[in-house]
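Below: the structure, in C-alpha cells.
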C-alpha cells in the first residue's frame, strides 16, 4: 500500500460526494414527482373500474361506458405529465419505468374491457397507445404490459357471462366464448418465456373453461336464441 | 355488447400477435446475448478476486496487482460488447440494465480495491468509468452502483488490516483507519433513501469499528512505527 | 494435532482438486447437454398440447390427432438422445433423472390423451414405453411418472365432456364416466404413500365428480341417445 | 372418440394396476429398509460427533480419537448393508441416493476432522472411500458429498483454534491457518456452479477470517512459539 500520507486529501473526496449527493437527490426528487402522478393514475383507474363493475348488475351499459370513458382524457393527461417529467432525462424512460408498470397494466385491462363491451373485439395495441397519447418512439406502451393488461381483462369475462345469462342474455356465452377462444389461440402464437406474462396467460385457460361451462349450461337447456329445444326446458336444477 | 359477428375476424388478431411474437423474440434474443456477456464479466471478476485474495497472505503485492490489473482490459472489452448489443436499441439501456447491475458492483469493488492497494486513495467515479470505457452519456456507470461497489470494497479492509499486522506491518491500521474514516464521513454527506445502498453503507460502520479495534491493539502495545509507548503518552481517543 | 510442517504439501492438495474439477466439469457438461435435449422435449410437448386443445372446439378430431401424433417420433428421437448422452455413464440414469421427470409426465399425459381419444381406453405403460423407445432395463419409463401423467390426462376430461355435450354429443359423458370410474377404481388398488402421486390421484376425484354432474345433466333431460325420458324412468343413481 | 364399448375391459386395467401395486410396494419396502439403515448411520455419527466435540475442552485428544475411530467400522458395516439392499436393483444407486446424502456428508465431515486432528492434513477422497468400504464403480462416495463434508469440517476449525489457544497452544492458529488457506485455495480451483456446494464453500471464508483473527491475537501479543516478543506482553485487554 502506498504511504498513507500521499493519498487524496479528504476534501477531494468530499467534493466528489457532494456531486453524488446532488445527483442522488435529483433522481430522488424525480422519483417522487413520478410517484405522485402514478398515484393519480392509480386512483383514476380505481374510479373507472368501480364504474365498470356495475355492468355485472345491469344490462343498459352505454351509460356506464360513457362515464368510464370520460376518464380516459384524465389518464391521457397523466401520461403526458409523466412524459414531461422524464423529458429532461431522455433515454432514461426504462430507468423509472418500473414505477408505473403495474398501473399501466390495469389501465390497459380497463381500456380493453371498455372497448370489448362496445365492439366485442380486442382493442389493438396501437389503439391503446393512441387513447393514452403514447407514441412508441419516446414514451410508449410496452407490448408486454399491453398483453398482461389483456390477460387481466379476460379475467373479467367469466363473471360477466354469468351475470348476463342471469339477466337473460342467453347469446352472450357464445359470443364471449368465440372471443376468448380466438384470444387464447392468438396468445398461443407467442413463444412466452417463463415469466409473469406466461403465468398470467396460463390463467386465461380457467376463464375459457368457466365460459365454456356457462355456454354448456345455456346450451343444454336449449336457452340459446336459435333456441333448438333440447330436453325439458322446465327443469332448472 | 355489440353483435359477436361484427367483431374483428381472428386473422387480424393473428396478424397483430405475429408482430408481438417477433418483438418478444427479439427482446428475448437480445437478453440472451446480454446474459452471455454478463456471465463472462462475472467469471472474469471471480478470477480477479481470487488473485486479489492472496494479498491477505502476502506483503509483496505488486505482482498480484499486475496479474489482477491485466484482466481490466478484458472487462473493458466486455462492456464494449454490451454497449454494442444495446447500440441497436438506444435509450433502452435501463431496460436491460438490471441484468448486469450486481456484476458491475462487483467489478467496481475490485477496481477500487486494486486502486486503493496501489495508491491508498479512492478510485473516483470518473476514473472507474474510464477504466471500463464507459461514458456517462450513453452507456455509463451508475452512481449508485459505483457507491455500492465502494461499500463492498470497504468490507475487505478489516481482514486486510488484521493480516497486515500479523505480517508485521504495524502502520497499516493507521492508514486504513484514516481512509475508512474519510470514506465513511463522505458517505454521510449523502441523503440516502431506505434502499440497498443505505443498507450497504450501514454495514460500513462495522468495518470501521473493526479497524479501530486493530489500531487500538497496535497502539496500546506501542507497536506503531513512531513507537510512542502507551505507558507515557496514552492513547489518543 | 500433528506438527503443521509434516502435512501434505499443498501441491498434492492441488493435484487432488484438479481431478475434482475435471469430474465436476464433466458432470456439469453432461447436465447441460441433458438440459438442452429436455428443453426440446418440453417445447415439442407444448406444440402437441396446443394442437390437442383444439379438440375442445371441434368434433372432427382425426386431423388434430394425426398432427399431434406426427410429433411422437420427435419425442422418441429426443429420448434416444438422452439415452445416448447417459450411455457413457451407465447406472447413473437416476442421477440425472430429476432433470426430465416432470417433462416426461407431461409427455405421458399427452400420449394417453391421444390414445384415449382414439380408442377410449388407457394407453398401457408398456405401450407408452414403446412409443418413446424406452426399454425398462436400462432407460425406462418410471411407473410413478407414468401414473402421474395419467392423472394429468384425467384433468382434461371434464372440459372435454362439457364441450362435447355443447357440440351435441350427448353420449360422450357416459363413455367418459365409465372410463374415469374404472381408472379411479384401478388407482384405488395402489397403496400410495403420501407423495406427489397421491396428491395428483386425490385430484382425480374432482374430475370424476364433474363428469358425473354432466352425465346427470344430459340424463335428467333425457338427452342420452337411447333417450329414455327422465319423467318415466328416473335416473339410475 | 371410439365407441365406449370397444375399449379395454376394466379387468385388463386391474391386471396392469396390480403389477404397479407390486412394483410400488417393492420400492416402498426397499425405501423403508434403506431408511432404517440410514437412521443407524445418523445415530452413529451423532455419537462420534459428541465424542469429538470434547476436543474443544481437552488437549489430550488421542483418547477421544480412539473412541471416535472405533465407530468407523460400524459405519463401514452400515454402508455395506446399504450396498446389499441396493444389490438387487443394480444401477438404481442414484434412485435412492437422496435418502442418505446428507448423512454421508456428515460422515465425511467427521472422518476428515478425525484425520486432520491426527495428521494435520486433509483425508483424501480415496482414503475416505476406503474407510467406508465404498468402491467408486458400483457404490461409491460422490465427490460433491465429499467436498460438502470437507466444508462442514472446516466449520469446526475456528472454534477449535479458539479453545486450543485458551488451553495454551499458541502455535495452533498458525498451523490451522496454513491448512485452511491451502484448502480454500484448492477449492478455488473448482469451477463451482451456483449450487449447495458453492454455498457451503462461500461459508468457508468466514472460518478463514476467524482463524486469521485468532492468529492475529496471538501474534500481536508475541505469544507465538518462536516467541518474538512484541509490545507489552503484560497487557491482556
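Labels for the chains are A, B, C and D, by order of writing; each one numbers its residues from 1.
Everything below uses one rule, namely that contacts are C-beta pairs under 8 Å (C-beta built on N, C-alpha and C of every residue); 3 or more make two chains touch, one makes a residue touch a chain.
For each chain, UniProt lists the protein as follows: A, B, C, D = Translin.
As the structure is a computational prediction, the values presented were derived from the model and not from experiment.
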Subject >> Least hop count linking chain B to chain C through chains in contact >> reply: 2
**OP:** Tell me which chains count as touching both chain C and chain D.
**Re:** none
Original post:
For chain D, which other chain has the most distant CA centre?
Top reply: A
**OP:** Could you label the chain A-chain C interface same or different, taking same to mean over half of its residue numbers are used by both chains?
**Re:** different
Original post:
Equivalent interface to C-D, which of A-C, B-D or A-B, with over half of contact pairs matching by residue number?
Top reply: A-B
Original post:
Roughly how many whole angstrom separate the Cα centroids of chain A and chain B?
Top reply: 37
Original post:
In angstrom, rounded to a whole number, how far apart do the mean CA points of chain A and chain D lie?
Top reply: 53
Subject >> Chain pairs in mutual contact under the definition given at the outset >> reply: A-B, A-C, B-D, C-D
Original post:
For chain A, which residues count as touching chain B in their complex?
Top reply: 1-4, 6-8, 10, 13-14, 16-18, 20-21, 23-25, 28, 90-95, 97, 116-122, 124-125, 138, 143-144, 147, 164, 171-172, 174-175, 178-179, 182-183, 185-187, 189-193
Subject >> Contacting residues of chain A [partner chain C, same complex] >> reply: 181, 188, 209, 212-213, 215-216, 219-221, 230-232, 235, 237
Subject >> chain D-facing residues of chain B, complex >> reply: 50, 53, 56-57, 159, 162-163, 165-166, 214, 217-218, 220-223, 230-231
